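Note that chain A is present in both complexes that follow, paired respectively with chain B and with chain C.
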Partner chain A sequence: MKRVLLSLLVAFGLLGSAFAQQPGSTLVVGMSILPNTIDSGDANDSNAIAVTRQIVERLVELAPGNEGLVPGLASSWEANADSTEWTFHLLQGVRFHDGTPFNAEAVKFSLDRWNDAANPYHFGAEGKAYVGWRNLFGGFLGDGSAVSEVVVDDEYTVTLKLTRSISFLPSLLAGGYFGFDSPAAVMAAGANYGTPSVGSVGTGPYRFERWEEGSRVVLTANTEYRDGPPPTETVVFVGVSDPTARLAQLKAGALDIAAAISPSDLDSVLSDPNLELVRGEGGLNTSYLAMHQNQKPMDDVRVRQAVAYAVDRVAIVDAFYAGQAVAAEDIIPDSLWGHADGVGAYPYDPAKARELLTEAGYPNGFDTELWYRNSGLEPVIAEAIASYLADVGIRAALKTEDWAAFLADYMAGNFPLYTLGWNADFADPDTFIYTFYGPQAVRRFGWNAPEVVTLTQEARQVPGQAERAALYAQVVTAAHEAMPVLPLAHQSQFFVVRKGVTGLVPNPLGAFPVLAGTSKAQ
Partner chain B sequence: MTTYLIRRVLGIIPVLLGVTFLVFAINRIVPSNPAVAILGDKGTVESQRQLAEELGLNKPVFFDVEGYRSSGRFGQLFDSQYFKYMGELLTGNLGKSFMTRAPVTDSLKVRFPATMELALFSILIGSTLGIVLGVVAALRRGTWVDTGMLFIAVSGVSFPVFWTAIVLIYLFSVQLGWFPPAGRLNVTSTLQPVTGLFVLDTLLRGQYKLFLDSLHHLVLPAFALGTHAMALIMRMTRSSMLDVLRRDYVRTAASKGVPPLVVVMKHAFRNALVPVVTVMGLSFGSLLSGAILVEAIFNWPGVGSWIFNAITQRDYPVIQGGVLFVAAVFIVLNMLVDLSYVLIDPRIRY
Partner chain C sequence: MRRFLRNRSGVIGLAIVLFFTVATLLAPVLRPYNAGTDRNLAKRLKPPSAEHVLGTDELGRDVLTRVWHGGRVSLSVSLLVVGFSAVLGTALGVLAAIMRGWLDLTLSWFVDILLAFPGILLAIAIVAALGANLTNALIAISIMGIPGYYRVMRSAVIGLRDLEFVQAAEALGSSKFRVAVKHLLPNALSPLIVQVTLAIGRTVLTIASLGFLGLGAQPPTPEWGLMIKAGYSQFLTAPWLSIAPGFAIYLAVLGFNMLGDAIRDHFDPQLRT
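After this line comes the complex of A and B, so read on.
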């Protein structure tokens, strides 16, 4: 019986043992989950943007591998003196995958669709939320939006009129959300645009082929692409939520590229002769330990400073990130500007921490809670932080809950201490400064400092980088003193690929790179 | 029999109503809500409130008591999320996912056959192995064979399914390269679905290479998912067989000279099947819902991983539609199991 079973198994296995061999012109990318939507304006997670980035293009693009800007669908752009009017000169002769010409009208169509809740193609009532637009432009038209009007100057020139000055508008527009869709395709698909049955239509190096619900999104090379067709014919995105399974599938050859591999699995990657690590420089992200001032005794600045002195960030980075991160000096990653001269991180000094606690009236420490998300490195880092805190007498009970509940609770100020991370939406210090110390600081950290919030708002509106830098220096200094949140680390972006995959350049925003030049050796 | 059938079928209705009510209530009791989950950490109080309104979550959950009191109209009482949903449900509309905006029924059409196929193959593997090994264990009671079977059964029940799954992938995909570690078909293959059961569809479309490919992809996930059922069925078959083998009619059959194989297969085995079929039915139901981990690890686009993701994202329409559907299938399966007793054991009458 056993012998029969075994031989059956073997015969069956040999029958199709070629499963791992795909044609060389196919790349299979393993992400943590398939997109919710591939309507780029409505997309709100890195997995969705990974796919849309291949299909649609932005007016301005990030330079490959760093945070500089390069022309995208706009060949050049300029602003008026106070940065309230931005004019973009568009590429000529570009067509969407469906043949619709790309021009100023097409740009206006998408911008109006995102910006104006009353636009017939906005589909807010059907559930499209445009989280990226809401967040980066402050809301919708007439309700907080920074864009008051989009004017078509001529066929290839378009002007954005703003309600307030934004000196870094090109950076904003290079964010992953703002890829331009074919107006004809949006009109034809209606509210179903971006769903599995319809997909999306852009100008990018890959066109949408099909989306098999729950299993994969398949893209094919745009042979008419203006820079020449991409070297790979077919790109397949699959979602594998379990990181161990993702790595196993990569090792088995079912994936060519795996995203979101934990640094703790790198040993297993580097010891496998079939795999390679592709590493980017200067990731624009910050992991942090927040101290919510609604919760006693975090309202005492001495307690917060004690926490900052108590945690050895450098040791944590060395222990867990496998060389893929640097300890944070402040909330802004090192590769961006906006830091304050002479203001660095608090050194690791447990004696000083105990001293501050005694001064604050807690010579024997106190009991509190530290909340973390149960994913990636977060549990082990939370444990490490708790043990450093215990060293100075702060007894933090470790707690976790699922992400949706965590979101609601941390925003309601229910957690005295919590760890989280922030990924830049665009390559400008504003995405860190405004997010952490702007109007949301009260909610995120219970830090009520109107003068600091005003500085962050002012910095959004002054045109010159030097003036903005001066304002940011003040914000960073104030935050260093008040310590609402302790920045922990900036992680570099990396992917794990099968040997033979070339031309993958990680992008510091953490967004999955465009695969226009990526291929696999035959 | 007919009255019994009618009673059973009518009995389904209140159970399903109860399911909709419970799922609705539990969704709202669980902390957080879809607007918070959709907006993520970019959400502000204002945008969360706005989005909740757009999604219709600002209405009362079950009864609009306030509205009834102020307007005095009785109908106002039912202007709630629940009754709006039930109204749509009666027309067969399960709504659209908050996250993907795709209709829930469209997703079900893809997801359910995928899980069904996986569960069918798991129960096939599980019950074939379980029954054969269980009968062998009963006939060789007390020998090393019996002990060996016990070891397999205990392992099957106690190894967590995600662990078994990962071990199978490392052994049979990474090391030996015999079976694919994920998906239902080779990534470059396409299949125009008919029923959604790929093993069947490939045959219907006459694509025999794809038929083998789909079977090939089923082996590891079905085996991983089936081990637990196999262990249960094996133990149940063994004890049920031992029980029956002691019966008078078995002894009578043996003493009047019926060949041993006929005694075992015809007199003992068939009568031992009733509790085994019960366990199979129950295992099948739990395979449908228990496939979550296996689906996640093998990248299998089934209902389990779909509902699980929906729960983490508070995607109410998907949770409601998905759970309701799985509950309906579970109820029907149980009914079929009860009815099958009549066929197996002539002593049972309804």
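After this line comes the complex of A and C, so read on.
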């Protein structure tokens, strides 16, 4: 039924764009916070990308509603035999909002700008950090970057030369950060590109209109859009930080679409005849309970396994996510490949947990700390986990601190236990395997397993999915044994909209969808 | 005593205070559930019923049990806080009054600085610097309370120190400290008692405020402010989560204030007939 509903929505979305635009129509979108920049290459949070996604477009796009890839500004692409050179064939006749043409030179301009810290339009000294590029491509040119050169083959063909083989490069380029800007606009605005005073210029269905700082970002329809003008004339993004207040504004009709509503508020959504839940399939994210091995007694594998046995993940997911999540079997969401056959989650077994604790020399349990972020469901889930741990004798004091301090502390190994979540950057198991069990595992979890790290790196190099899957299965099995981190849940993506809003298709990556086909019945 | 019993609001206040004291002391005996660990995820957010008179919370714990235990936290912490700031404030106030001179000036100057900060803001600043937990909140609120006692005791002792019986004691060779402890303090006690009773109600509220802001008690401690905070985002669907601890705060503060007012009236010479 859900799938039927979803395909209906997709159909409506596509139909929507074929309808004539309704003059004066407006959609108001409530986000948790307004962007800090709308220069997509420099954006590093989902709220910024939600806005830039409407303005700029990527070479490769995520298919609406699933994790597949579809052509974006590139109509097709191919790689050489060892995936070290990728050639993209671009759409012809596309123009930026400022009228300048989109072509291979424009692609090279943006790629060089992100990749090369010495590029005159990089503006690193002015504070642009390109976190997305660094995370996904390993660094800047000559300093870890996987991209060594961008070659313009002809007006509509461009080739990326890589320093090392990456078999899933198109997945990386579908990342929300890599939308192509008008070179003329970047050159004119300089370091101010993407700030409230100048905004950004792309090829997308909406163009930047104005940004009232601290209040709203206003976009207007790109009437020249190649698939026809979007059905809504104006899209307004507003920031409302408290999810309950955001829902209240939606109920009052001040918003048409609300993002990041807490699953615990879903009851009040479903009972409101004016609201509708728009749900996507299989969210590509994982929430988890990490056990940092720098902290005793988490260095004992039996203690970590005991923790895994002690927590009833299924009951927690059933209780708090209102049907909007599934209990995690491993770190990779179910809709992606890369799982290991026969390796499931630890069952809920407090007796077994106590047994393991006794074996490890803690028959009466021990005192420890469980750190959580003070946001959304995280506090109550942490409290539930602590109560399950208390059942087997692990007395975990609940602690929290502000996000900046938390980021530094968990990476420094200061927390014996902590809960966090990870959103996929792109639709490939690599974004989970490499992030969790790759070179960063020793910092994230104090898990020092060089042979596993080698497997994660090898899997980046081999081209075939079958070979990569075999390597990932080994990694997942090793992680299951060593239990550096207990995966808890994969949450599906959903938005809450006013009745009459159609054509909004959530993306499994958690990225805010492109509103090219979204409209509201007047 | 009989005169006090004629004051109806005082008697009601006293009754409420006694009720809270007895109830919280007996909490473990009276309630069948454990406030911290009786999780039942299958029964979360259930409205009040015969089994759970005030419903259940987000983890399926009995709300009445938690409110009951919350009383233990609020009242014991309030007594500690008030005790600490009363002893310190009184000592400093008496000291300033009998020593006079530069010590009085310096102390009064510091206290004036403390008074210039709005109390809750000062407490938030202290907790932010020391880290958010109940102990630090306790320290912060205690420091916040000192100026009140200092001012009251200093002026009370200044009013007394030139009276004849004090001068007589001094003339007979008593040391300043002996005079302070034996003669000044006992005679300045009534404003102190009033101040203390009124402060307990105020402290209950401050502790809850810090808990609500996430700067006081941390989960899973059953603390009233923290419970309101956990419940307020679900106020439309599960109002009992916030109403129960909210009403408990209301009742406790009302009780201590009514009692405090009655004691003040009792000691006020202008109201004596």
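As a convention for this text, the second predicted complex is superposed on the first by the 498 of 522 C-alpha atoms of A that agree within 3 Å, B and C clash if a C-alpha of one lies under 4 Å from a C-alpha of the other, contacts with A are read in each partner's own complex, and residues count from 1 in each chain.
Throughout what follows, contacts are C-beta pairs under 8 Å (C-beta built on N, C-alpha and C of every residue); 3 or more make two chains touch, one makes a residue touch a chain.
Model, not experiment: these values are computed from the prediction.
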item	value
Fit or clash between chain C and chain B when superposed on chain A	fit
Chain B versus chain C as contact partner of A:Ala384, first or second or both or neither	second
Chain C versus chain B, contacts on chain A by residue	B
Touched partner set for A:Asp267, first chain B, second chain C, both or neither	second
First (chain B), second (chain C), both or neither touched by A:Asp227	neither
Partner chain(s) touched by A:Asp318 [first = chain B, second = chain C, both, neither]	second
First, second, both or neither for A:Thr244, with chain B first and chain C second	both
Shortest CA-CA distance in Å separating chain B from chain C in the superposed model	8
Touching both chain C and chain B, counted on chain A across the two superposed complexes	244, 401
Contacting residues of chain B [partner chain A, same complex]	30-33, 36-45, 47, 51, 54-55, 96, 98-102, 106-107, 110-111, 114, 132, 162, 165-166, 169-170, 172-174, 176-184, 186-188, 190, 212-213, 215-216, 219, 296-302, 305-306, 309, 312-314
Residues on chain A engaged by chain B in the complex (per definition of touch)	1, 9-10, 12-17, 19-20, 22-23, 26, 28, 33, 36-37, 44-45, 124-129, 131-132, 134-135, 139, 191-192, 194-197, 210, 212-216, 234, 236, 238-242, 244-245, 248-249, 251-254, 401-405, 407-409, 411, 420, 422, 440, 443
In the complex, chain A residues that touch chain C	243-244, 262, 264-265, 267-268, 312, 315-316, 318-319, 374, 379-380, 382-384, 386-388, 390-391, 397-401
Residues of chain C touching chain A in the complex	36-37, 39, 41-42, 44, 58-60, 132, 214, 218-220, 230, 232-234, 236-237
